[in-house]
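There are two complexes below, and they share chain A, which is joined by chain B in the first and by chain C in the second.
Up next is the complex of A and B:
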């Protein structure tokens, strides 16, 4: 890749090792249902969901457990039949402790309670689609976990003309979206058609990194006779999967960190989200499970798995035969993933993968002084100056850092990755961003 | 599985490929062809001068870091590189004590005074050379003809003119290979370009800097040559003096050059232009040195006015 690679992309970025070969050709398999599921009430951006079940109550698969509280929130459903053990604070992959519904799974309780499926795409109204997406508790599965129903209801003065599906999956180790595109292309296309219909857009684009030729080929074949939806290859470069970078690569339109895609008439969703929309509409199935990648040198049997939400990381890892001594467990890939202090956190809607790394990945290198090489500057997809921001933030000059747009940082980690002096730049930028919020 | 051994760290979790000491070492490696060429053309004494500069640089760096109560990061290679660069831009006839003194000035006044690696405004080696040139102008501009042997002594060698002082005396071939008068490491364009392209391939120097320097120097000297053919032609200008050494190895010092790509273009195009202006209109030798020091000084203000606009923002700041 790289030098002779002329597929459209964005300015900056980098090429971290993909590390996808261990799982890229492994078919998605279901993971055995664990005995206990942990379902945090904040598996989405926005207000925490409100539980509608009580301790001791018996529930079935697909039953509503918590309903959205307010405009930006999402419903939560039971991934399995069982009994509500308690509702108590529990660890999330982000390291917080939030109220969590603890479900004791009863393998004999195999009843399901899904919504009424719709039969025919042509007969569904946009309103019905939006309503179903909201009922099903669908959120952005790419990692942002923003409630999809909110994105489907743009302000009246901002109509959406283009729906983009994000099939980039630029993060290292992760292959779940790739498998999704290869194994469930019809579902993804149906989901895109539903999204286009829901917002009454003119066209749809599926953007896929050109290191996934098999996915591009299948989707193109399926869409050969469709003149509203196109499949476009974009350059395999990190972080191509950030929605603003993808919009730029596909359309040349720039959206700043202070704007939303909807401001310029775009709706961007992950391919897995589109598949979930299709399932919700045509099968009536709420978002109760997702496909995740379990990978990394610490696992002997990595793969892609269909996992019920709430499955703890401990269960996931033990299913893949971990090595004796691994050092890091990440929720997400190696560039943006959050390292876990213990393994009790559960799979949530935003979990795209769990990566288990050995001691070679520990940050032990001593920090050197910045030699102003400018690699963080040319690498930053947002065109910030991370080294200058870091210097300001280290000396507590937060308002100056804000003037230099520290809030536009995507936290993609390119700056830290390319820094020859091993300065944890993105960490300092995060500090600066968070400090601004507190002040 | 031993979950109690889990480590927590801030993303990203993939170790970076390059490192600052590796960059320094690659530049040192890239200068080896010039060292070999210089010691062949000017004899064993050339190595002695370079060695003196390096040792003096390492010692002064260590002492100064001890005074500043810092851990001596000798292994980062930056002091070694400064000594090496200084040695390469000195005449082979320089007394070793002066070479050592120049190195002390380079490290102490050029670098450590500002706070050490990463904080210096000017290229340290050029500060050392500028000090020597200002203090000992005759010694610093006494050039001998190449003796083309590693083993001959340079003591009895004849003095000669440099290509810039007498352009008509030298052919392009001589300029390329380096059989001309001049500083130890500056005469052989081939050796310098070899190392320069090595660094470009490794991306350890910014290609915009040598490109901008050579481009603007070529264009400006071409225009002047057209206006008055008495001025040296562009190719002679590019191949002679310290221009290639400066453009590939000194102006590219990351610390003292701009951090944004647009600023880098301004820096390098200005620098190359200044080189020719100083050479044609200034009486003094050392045009490259003054040009680089001047654009080094411009770097903070260039950085300030070329601060990039964030992606998609319509107003900067």
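Up next is the complex of A and C:
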């Protein structure tokens, strides 16, 4: 990456400090099993899963705990052997109390119950892959948590020609996908091959930001003799990892805010999701753990960890020697992460990292009047006008804000980040998005 | 002296004036002067509670016979009568007299605070940031969106961080109900005195930890009192407007969640 950065990208965006150096070279280590796991039933977009176990029941690692309820939903499996203590509302990283399976872990119960692994890629049918992805409860691990099986079954009139793997990881502090690409490139490539096969696509592209030259090099080496899959570097810019931005950078095709990638024949998945698909097919392993980054100035020993789903944030942080005065805990990266009111919230399928900040980050700058510099307008990847939308929302003119497409806001936070007047633009936009209008 | 300019200006002036006078006669818009009269009778707050853009729009609708005067939740009976007399309407439909009730008594002293919220200083914004700081995800956030929405000076925040309704000023216009992101303000009949002052559906253990005045769903009041029933497994509600006084239920409630106004 030189002074002239010609790697393809999208219009808008910004360059928040990466802050990745603390964890980028730290190998993924497993975290010891905690004594209690909290498994919310809504770790995915769509309908809440329905529990198939009862209080007091003994379960083993990999056993089905809850099955999908409805078309858009996902299964949930036990990350460890133990006993179901209760099913009760518990706080999630989103700040809601939702029905949660509380599992008391028994370290002596080491039995596992995985699905039957497939052996040969060439002999698996697309249907078998889709079926397995659904069984294993795999969802988009980039943060959206949309059930992958739904994505793999596009409408008949919209065939998929290109499967894209998202290795951008444009969020500050997070390095889990980067480590995944460096440490498990074969799994990612296998996963991509499975995804291509499942939707009968023509080709696959792995898009990686050009601030990860080591990952690009390794993946390119592994794919030297593969003519269907290419690795492409894209410019390191936030939010490069958004589906529509990545498709534009890689192929030049524009997906409008009203369309989904499938409307133009694309399927985008995170590299971690591809690895999970590979594990589900070739090892029979359901989605019961994930790799996350624990980082931030509030932690003395940051790193990347393989974490059983359901581990509470308190437990996670205790493994990284937190400062005494740590003050702000974010589930996710520094740009889009949600701040936590209570550290009893557990790691869920969508948690890509936990960022712990110290008290310096609590000093808020006073908000000043808008000086109409237009930085939020040029920065907005969805080409919205955050300053105007904010003015409308502040004065309760919600229907006008809706007409100006406030609902297309990705909540990426670029507008707030670039605003020289420290106006919390993205927060106002969220207020506008969440306001129901009765008309 | 050259008078051309003066004369031509004068001629043009006369011509334009004649044109305007003609237009005033020919294009005159006949407007019912009752609209103005009704508009003057209406409260004039332009609160929009009737569903129209303001009092003038409501007045037009009234004159056109689209709505009845009682559609304005703000005006009193005398006003309904005056409007009805003016428009020769029968005024038999009596108005329901609703006032706002804030169904949360978990203020700073009673409700547990998990974290400090530092962001945009409105409830609508705080409600989007995790739990908004409070342990209870149902309770009042205390940032006074309802007070800002009230056009009649009927709500104010007390020292405990809870909004208090001034019944004399409340017109039941519904603005605070819409403004509250947690839906804890409801409109109830003015006479109703007995309420369960909590809307938390959390399980008893969580409720007890979150707030000292939360309804824990023990069901004692539902057993002892007429007109009180369990709305959710963990939440009782006074379901009848004319529920009789129930001193026993109020006394036995372990968390004082059910009480008179």
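Basically, the second predicted complex is superposed on the first by the 431 of 439 C-alpha atoms of A that agree within 3 Å, B and C clash if a C-alpha of one lies under 4 Å from a C-alpha of the other, contacts with A are read in each partner's own complex, and residues count from 1 in each chain.
One rule holds for everything that comes next: a contact is a pair of C-beta atoms (placed from the backbone, for glycine too) under 8 Å apart; a residue touches a chain by one contact, two chains touch by 3 or more.
Predicted model only: the values in this text are computed from it and were never measured.
J.: Pick one for A:154: touches chain B only (first), chain C only (second), both, or neither.
T.: After superposing on A, A:154 lies clear of both chain B and chain C.
J.: Looking at A:338, would you say it contacts chain B, chain C, both, or neither? Reply first, second, both or neither.
T.: both
J.: Which holds for A:303: it touches chain B only (first), chain C only (second), both, or neither?
T.: Touch partners of A:303: none, neither chain B nor chain C.
J.: Now for A:244: first (chain B), second (chain C), both, or neither, which partner does it touch?
T.: The answer is first: A:244 touches chain B but not chain C.
J.: Now for A:207: first (chain B), second (chain C), both, or neither, which partner does it touch?
T.: neither
J.: Is A:424 touching anything from chain B or chain C once the two structures are fitted on A? First, second, both or neither.
T.: Touch partners of A:424: chain B and chain C.
J.: Touch test for A:82: chain B only (first), chain C only (second), both, or neither?
T.: neither
J.: Identify which of chain B and chain C touches the larger number of residues of chain A.
T.: Counting residues of chain A touched by each partner, the higher count goes to B.
J.: For A:362, using the defined touch cut-off, is the partner it touches chain B, chain C, both, or neither? Pick first, second, both or neither.
T.: Both partners.
J.: Going by the contact rule set out at the top, does A:374 touch chain B (first), chain C (second), both, or neither?
T.: first
J.: Based on the A-chain superposition described above, do chain B and chain C contact any of the same residues on chain A, and if so which?
T.: After superposing on chain A, chain A residues 338-342, 362, 424, 427, 430 contact both chain B and chain C.
J.: Which residues, counting only chain C, touch chain A once they are in their complex?
T.: These residues of chain C touch chain A: 114-115, 118-120, 122, 124-125, 128-135, 137, 181, 202-203, 205-206.
J.: Within the complex, which stretch of chain A touches chain B?
T.: So the residues of chain A touching chain B come out as 10-11, 16-17, 172, 244, 248, 254-259, 314, 317-318, 322, 324-330, 334-343, 355, 357, 360-363, 365, 368-374, 377-378, 381-385, 387-388, 403-405, 408, 411, 413, 416-422, 424, 426-427, 430.
J.: Taking the touch rule as given, give the residues of chain A at its contact with chain C in the complex, in rising order.
T.: Residue list for chain A touching chain C: 88-89, 91, 94-97, 338-342, 362, 364, 424, 427-428, 430-431, 434-435.
J.: Help me check something: in the complex, which residues belonging to chain B touch chain A?
T.: Per the touch definition, chain B meets chain A at residues 1-3, 5-16, 18-23, 73, 76, 116-119, 206, 254-255, 257-261, 264, 307-314, 317.
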